[in-house]
């Protein structure tokens, strides 16, 4: 079983306490074994106050300055839930400071930044460096991957995968469009990683994309769309098709279908929020998951469990930085194709 | 395959052209092979006019009088869709006139009438006599029965079955309550027949029933309910539980679950009207079948196909009059129990 | 209601009595009102024998020669279930002979042939000319179209649609690959027509396709694939993505999703063969539709009902020859893209 | 939000570290806020060793003797996961020792024992006393109850509920049959509590039960069955029907349907283990939950959260000891009916 509770706990510091950061902090503080949340970093005073009040972090470990945070000798590992543009440099600084690193996805919006992180990580082989592709920790996706590995669908050759969010009538995300990297880098990067995982990590060759703006004309300014389709061609014949949307009327629907020569697997279809089915004069209906957070609640928790276990040397990660690099590379080719209207080499 | 179209067609007359009668007439006139609808009988002038206009029945074969109808030499077989109280006597008259007989369920509201029909049918072994337990002809129920016969669920020992209608706010059925035999004789008689079929026709020993009036207080006058539950005990240990309702808010839901030692079968759950799933801000929803007619549209057609085939000697019926007698016997014990509050011997 | 049965029946002749032809013949002979199947045409003697034996067609109306068939004065309309390469010329001959025409899809494998048929049809405006896009007659697709027309999903802007067949281990279809026009012309032409219908017939601008051979290497010789993906861009921003497969392990699955600004519709997901759900040590399972024929059994019947009704002048068709022309045009652009690897203008 | 982490933690001791006890201990030790697991009690040495090794409980708080445990001044609250026959006396002892009490269901196998606990609890109104009806804490059941309270199904008048376990070929449970109180006291007590909750706590009047032994003849010795059906009649017309089984072939299936005058709710149907749907030559299938533990994993955690919150005075419990008394009373009437074959007064 697991090691005795008396073993030294992993001491973690978190940078960024926005919505997702707070979720990771809660997992670390209250529901993950063998770990202590001991430090926090944020340029926002309110976030540090929350870190003290909610998670009991001592004043000397509340950092407004990232450099001080990363050098805090009280921590063994950092969890970075900061803006994407900071991911690469912060990961590198943390690795150089001798800390294990968990960084939210995407690792970076360009290949060079990813490669810089990989290079530094290679210099620190004893430290864990992990990117938050949360779907890898969802029990359903895990079992699907196990089924495929066990040969239960024969040879997988096609993946259809989507990340679709409920429409936000306020169009909050439009403000982030200029820095998000576009819909494919922001949403489809998960599907890209999944497709590679399910297909056995084949080499991607080409990508073609097309999209449309259904409800948020403001996206046009930065060349983005609110609904996008992409086809990726892999060496050896495998294919993937992705759909990303910001405008689903009913909720969040993240689904993936893996098609093999002897079977297919569908993960996430139906998007049921719970185990209730309602019947009324309007027919039979069920509620849908409102968002990514609720869909992947369990996966967010298990992700921290695995990060902690890897840092403590209990088990190795199967998700590597080079998976993150490849997902970025493919996402960028798709994004270029959306703009050029032509297939783009990966 | 089927016999050549040149073979003599079966000539059928129909008695009763209400909603269900018309449906049978349409099946016979337009979509069943090897049959001609040549005569009709009804005390209602408008129904005979419809028989002429819609189905092209010649004036000399439109009968207001049942005795004349049953003796019409132009017909080989009769389909009786008349009030339940007439079923037994009309079936007997038709058998004695040398006709094959299809009679709507239930065969009768008392055991004596059923037995009289069985006795006369026994005197006319060359003639088909069949009761309209339409679910027996539904492809899903048929396949379920085949699965059970093939041993795919091991030994079946428990049936849960329901016949539930959409609430009619006008409470039309309340007017028929005094003559319908009550909710169990009217609705559950199908479930009773199914349970016997799926369990291999065990002997019923006892029945217990309980019910409530949810929406139609007018039923109290004749001791009826709009929602009823019943448990039936069979020799050898098998059990069945039935639910009948007149008040479902969403549509018609006829479902049956057969539980065996190695598997279970569920027929009809979900009650989807079609193959459309809708997603909107309200969630995921699908429409439901509005009524028995739409649920069993295909079965009504196949029922006539089997009746015609049996009359033409092409294949034997598996559904017998003694199945109808047993269903009546059990339905009556349930109905007695609803009134006595005690288990009643079947 | 419907007109009296005494009205003159439409007299139909059928050309081609293969699997699908026989199905149409059965519908016409046994389950469609106001019609008589009076003639048949086939170069195969066995098919004409079957026409006589099964459908009672008189010897003088059994034609080995198409020219004689099309001039048979006993027929008002023809149903053409012949090889695709003959569709255009036969349709033209029948129109010129004064007959109504139902022709199986696709109308032709090139735009010129389609246009020739349209031109001749325009010269015979009193005659019905209809292409067998059978999904248009499926009740679920019809209701979906009505929902969209009624504005229930807001503005539809994206269609995802697939036609996927169960794998045939013998690869029977590989033999037809050289003349079928390829997977997109053979399978996706239905999805293309549906997408145009559901999106309100926007003008198609460009198409991109990619594919792979999963199980049938013999297809490589004629540049075909057994799994294909395509994206189509329409004027005004609407998009469609198609998936066609010859290799599904579990059965036939034809599904379509229409995404609008206020709702989405999914047609055909789950592919349940019947209303049975089975539970055993292996979990919960249901059977799947084996093929297109069983999926669209009702639609094939309703298609003939509508053709007959249109010929009798009872109601107009909403499906036009120019819909068939556009579907061909888009299918050809997709097919060119599969070969060039580049987006192709429609 | 929640109170600051600096507030004093609730100190809990657990008695019984079998399968379910260990689950509660894990929740208390690792994933519930504001609580510390500080003591354990068991007559089994191995369980105390586990308490030390796994949960870090100090030697001086490991008790073989219940009297010493309940008097341990280091604890504020006890969680009792001991044999049913001890529940009442241990609860009383803990209450008298000034501790809050969580006791597993059922509270007792006779009404007198329940009433003794209620009387002692009434003397200690400042202490929490709670019975582990875990389904009350399942998010789906909670939402269903909220829907009903908000009037969304009109007036609820019928509950159909089942607790069905996967068959254990070893028949482990047969050994416990003599002390479990029978299938209805062991399994249906949950359904009984739910039915009362969903129907608004009406007074139960009568119960009728019937059962059968499908696979485990050893149960006959103690008058028990492995499949049982029961109908309960409530004052005011509401009805409930329960099904309990030890022999489902496919997994654990706990489902509840609440039928109201304007809608119905179904909780738990389908029993899907995860969000994966598999397609293969065998059709479409999904895995099923293996057992009660996996079905109610989240509810077991939330149950401890609510117990801790109640002990800390943060919120009141809606589940009372008198709910447990009523569930026992109804369960006993059902059990008497199973033996007498007659309806029994509650």
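Couple of notes before you dig in:
Which chain is which? They are A, B, C and D, in the order written, and residues in each are numbered from 1.
We take it that contacts are C-beta pairs under 8 Å (C-beta built on N, C-alpha and C of every residue); 3 or more make two chains touch, one makes a residue touch a chain.
For clarity, every value in this text was computed on a predicted model and none was experimentally measured.
C-beta contact counts were set side by side for A-C and C-D; A-C has more.
When each chain is reduced to the average of its Cα atoms, C sits farthest from chain D. Inter-chain centre distance (chain A to chain D, centres taken as mean C-alpha positions): 37 Å. For the pair chain A and chain C, the distance between mean C-alpha positions equals 43 Å. Taking each chain's centre as the mean of its C-alpha atoms, chain C lies 57 Å from chain D.
Shared interface positions of chain B, i.e. residues touching 2 or more other chains, are given as 153, 248-250, 262-264, 269-270, 279-281. Within the complex formed with chain B, the residues of chain C that make contact are 1-2, 4-6, 29-33, 53-56, 138-140, 143-144, 147, 152-153, 262-270, 274-281. By the touch rule above, chain C contacts chain A in their complex via residues 153-155, 157-158, 160, 206, 208, 210-215, 227, 229, 231, 233, 237-239, 241, 243, 245, 247-250, 259-264, 269, 341-343. On chain D, the positions that touch chain C within their shared complex are 248-251, 270-272, 279-288.
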